[in-house]
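In what comes next, chain A is part of two complexes: it sits with chain B in the first one and with chain C in the second one.
This part shows the complex of A and B:
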């Protein structure tokens, strides 16, 4: 059957047209043509500008006829377009009254906010033509990918181990040994490595189209780029420069193929999404899209029309305007349904809870819509629960039980504990138990807490134990950028050293940190490269360093193979023991009749913690019969943490009759005897006491 | 620019020889030809691409089409692809379901 509405009703020059469908927004392939639809509340008129791929001058400018506007939406079908060879944009005519928030400029060609494929930066780092009148070019995407039966994995949140990585930095270094370094395709080649390590979820730093040349500059002969990419051009398009096939415009296929392969290997994919601002900057910034389409709708503006800056990046996306809210929802639904994405981490998510004037809301509609959305129903939602405007909501993010948070307090408290600060035992207990002090009211149980000690932002783990201070001179901002509250300790020398004892202590501190992380309740997150001692040479804010500072040096994998092995076995240990992965908080009592509470805390004396300010020794016992609320039976686990610089003997609580203690790991021992294959631990000689070396963590298994 | 393609069917095998350029200007025509194979009990579709100079994403999609529409049990072969074409095929994950060969072997 041929539908009546697949025939043109209008002509403009050589083009055949008809009124389009307002939904979906963006460009959609329809029988015999392409349906274009774009929103603007305040524009008087709109034109569609068509280019052949990469050509400087448009080959057509087609006005939307009056009858093609429905409400605030301009929409039409253009017939017989060679849509593989087309780049399209819009021009909007409307008021220029900046102090009322309107900044229309009918000479600017604007990118479609719903563009699913964006050309213009097809190959990473290739100098663009700055005189091009249309820099970031919307293209039309095919959606005929063969998923071969794939679907999101839906791994329970408490069973996740997240691994944060930067798509380019992960494989760009010459040591990565991949065919197309720095791309989705190269990341696919590294899946076997990730399988060996054992993580089951990758969190990708922004992969949406951004401009690596935004604020690019040269410092001491080094070109600095917008390398991290926390600055979106388009929310619907994967970054072309991250795809080896970007020069063929096939980044969508390449990225989907990567996700399919991750899923096939049991690894979920979480995207870092940046809905707090766009790449258009402040009043001085360029016209890319939103500013020229409907400035007042898309941005938070002061009463006199200036951009509010809660993001620290010049502007703030007006997330709780219903139009923008729907765009965000459409966007996430698109990634979840079309790309099979398993979850999202929201950068500076506190902004999502600010109203249109910037004030924090108690029940923000966007946060609620995302929590209850049917299509996102099984997606993980993780908030970075603070913003650059001073709103800090760790433990109070208004999302309810569907939302987890990056637990910044976990990071700070565990760092201070490891470094040897006083008065830490009370908070460390909370952190290890999944931060019930922050999340018990929240309803999400331990899964509300994404525990991490390092992430892309701040020191990497090797630098956390190698530097007292940040060293960001290479960023060209006189070392003023980047955080100062690192809670780091250099172990006796600032930076690299040949000193055997310092290096030994550093590796031990890394092992201490990861041991604690992987026996804490909640969802652990590891920063890529930390498992083999990757360094950023003291730079704690490598956002602009597209070079050896931030690229993972894979040659360290061989040099630090014992560290890698240690992390691999810790991960295996966590998966083997459900008692480490409860999804509810502990009750501190025996509710299954085992004679032991679910968790009990100990000091150098069993059942007796020394809470003195200067005490740095603490231990805990997990009763295996309480695993998963007593639903499964596990071994008992005892973890002794001595972050004091002296050795201490720990009296071990006794086990039920017939059971014995076995030693799984001891960070004070030289490899390969520092850790065992889980299940094959040797029996502990003295069942009543163990010596825990200075600044060391020991893990025992009772069975 | 016109691509030349030539389809022969022998014992349930469709042999398709492609040359020149395969892009949006002619991918549709090839796709239409392939549609005529639906329901003809084709077990194998073999693309001979030794003389293919360029394939655009629309061209690749015709090959995907062969896999998806002619029949899920149909085996699709890509024979004689040059390294540029092979790279694109691999980067986009199409190598998962294609049999890639230098010269055609049953």
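This part shows the complex of A and C:
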């Protein structure tokens, strides 16, 4: 049946129009036309500017008539547009009173903050026309997609193994052997590799449209770009330059197709979202969208109208303003419902808890809204619980049990332990148990803690064991950028070496790190490439290095195939043993009548930990009968960690009668005898004691 | 874009010439959907179609879904390399069986 509102009521020149619907915001395809809707509280008037795709001059500028404004929303339907071939923007007229926060400029063409497709940087790294008056162009998208029955996987949080990767860096290197390197399409080609490795969740560094040319510069003949992309242009649009089909404007379909394929292979997709600032920078920055639409609404401003900078990037998104809060909610709902995204990791999430003056709130409305949102109800929500303004909330992020956190303390403490620091045993116990010291009262159990030793920020794992200090000269800031608190140790030589013993120790330290990570309670996260010893040559802040420094070198997969095999089997081991994946914290007692507490700690003597400052040996025993709160029966697992530089004998706790110890892994042994196929472990000859080599980790299974 | 349709036995061959995009797809849809009846067999000959946009891909998908709902069968023949590549990148490559030319497609459909 033809609807009454599919007929125009007004004309402007050759264009037929009618009053639009204020919701949803953005551009929506409706019968016979497109509904445009944009918010501004302080604008006097608004115009719709229409371009044919990639043309420099607009073909139409259509004012929103007074009767097209509802409240603070300008909305109209324009009929008979070839919506696949147009780009649109807005021009807003309003006050220019910077010290009151208003920065309207009616000459600027502004991108729709709800744009779901953004043109202008269609092919990665291709120089744009810098004189173009409208750089980042909103386009209209087809929302429909043939999902073939796909839906988010809803894997229980405690069963996840997260794998963090950069879409471009993962396959851009010539060694990646993909058809369209550096794209969503190439990532799809790598799904079988991820299946073999065994991870079940990828966390994608920002895939929203950003400008790789933002702050680009040339250092020693090398072009540095905004490669990581922690600087959004639009929150609703996938990055065109990450799509092999971006030049045809088909990035939405390509990305959806990738997600469908991940899901078909049992892998969840988490997006790294950056709601703390935008690419518009400070007072000196460009007009892209928000600044010209309603500066005072979208940004945190000082009383005299300057941009507050809690993000370290020039401005701070005004997350707890109701308009911005709704935009963030709309955005996440869109990704969850239209793209089937399984979860989100919030960059510098502490900012999400600041009020409109920048002060931290005890019960921030945005964080609460996200936790209780019906559409996001099964999405994983993970906070990077700090910001650049000095707010550090690991263990105290105000989100309640729905929120997990990147556990920065896990990273630091385990790094120090592996490196051989003193006085680490007490905190290491906490970290391995899922950090009950931080999360016991949080309500989310062990799943509150996303455990990681490396992530995109800081050293990759091979560099953590190859460099004492960062080497960021290539970033062109005299090595001042990047963190200095790396807790790294080069094993005897700074950087690459031919020395067999040093290289052997490095690989062993990597295996130690990943062994501990994968037997810790909580959610492990692995940085892509660490499983085959990828290096960034000592650069611990490769945000601008779109080159071999940060691209994964797949030739190392063959060179370090034994390391890869070790990680693959560790992952398999974790999946085989539910006792490693409890979702509640240990009680340190026997509540099932097995005669063993759920977890017990040991030293070189069974049942007796040496907590001396200089002690670097510790072991733990997990009672299989306590797996998943005693609901599931598993094997017993004993992990002996000797991070001392001498070999130590560990007395092993005895097992219930009829059971024996089998040896799963020993990082001190040369491959292929360093690890076994889970379930096929050989029996341990001496059931009472094992020798654990210098700086080594051994894992036993009791059954 | 031009459409021409010929019938070989009980199979309709739809020849698409030119660009299948937001401009041309609605008209093509109007023309093609009524042809799809219970048990219809079609070959979409794309040998002279040099560009398929998002809207064009959606038209192909709508045809595939309509055929499926009516117990018909459709295949594609003669896809140009670039068009085929776009379909692969965007995941639209699984909606039809794909043959190098109409002869091959005819043979396959007749053998069923």
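Here is the rule we go by: the second predicted complex is superposed on the first by the 703 of 703 C-alpha atoms of A that agree within 3 Å, B and C clash if a C-alpha of one lies under 4 Å from a C-alpha of the other, contacts with A are read in each partner's own complex, and residues count from 1 in each chain.
Operating definition for what follows: a contact is a pair of C-beta atoms (placed from the backbone, for glycine too) under 8 Å apart; a residue touches a chain by one contact, two chains touch by 3 or more.
The shown structure was predicted, so the numbers you read here are calculated from the model rather than taken from an experiment.
Asks: Since both structures carry chain A, what do chain B and chain C do when superposed there: clash or fit?
Replies: Clash.
Asks: Who does A:87 touch here: chain B (first), chain C (second), both, or neither?
Replies: After superposition on chain A, A:87 lies in contact with neither partner.
Asks: So, does A:531 touch the first partner chain B, the second partner chain C, both, or neither?
Replies: neither
Asks: Once the structures are superposed on A, label A:413 by its partner contacts, choosing first (chain B), second (chain C), both or neither.
Replies: The answer is neither, since A:413 touches no partner chain.
Asks: If you lay the two complexes on top of each other, which residues of chain A touch chain B in one and chain C in the other?
Replies: In the superposed arrangement, which is not itself an observed complex, chain A uses residues 82-85, 142, 144, 146, 180, 183-185, 243-245, 248-250, 253-254, 256-258, 260-261 for both chain B and chain C.
Asks: Would you mind writing out the residues of chain A in touch with chain B in their complex?
Replies: Counting only chain A, the residues touching chain B are 82-85, 142, 144, 146, 148, 180, 183-185, 188, 243-245, 248-250, 253-254, 256-258, 260-261.
Asks: So in the complex, which bits of chain B are touching chain A?
Replies: Touching chain A: residues 23-25, 56-58, 60-61, 64-65, 67-68, 87-88, 90-94, 96-97 of chain B.
Asks: Flag every residue of chain A that touches chain C in the complex, lowest number first.
Replies: Chain A reaches chain C through residues 82-85, 142, 144, 146, 180, 183-185, 243-245, 248-250, 253-254, 256-258, 260-261.
Asks: Contact residues on chain C for chain A in the complex?
Replies: 21-23, 53-55, 57-58, 61, 65, 86, 88-92, 95
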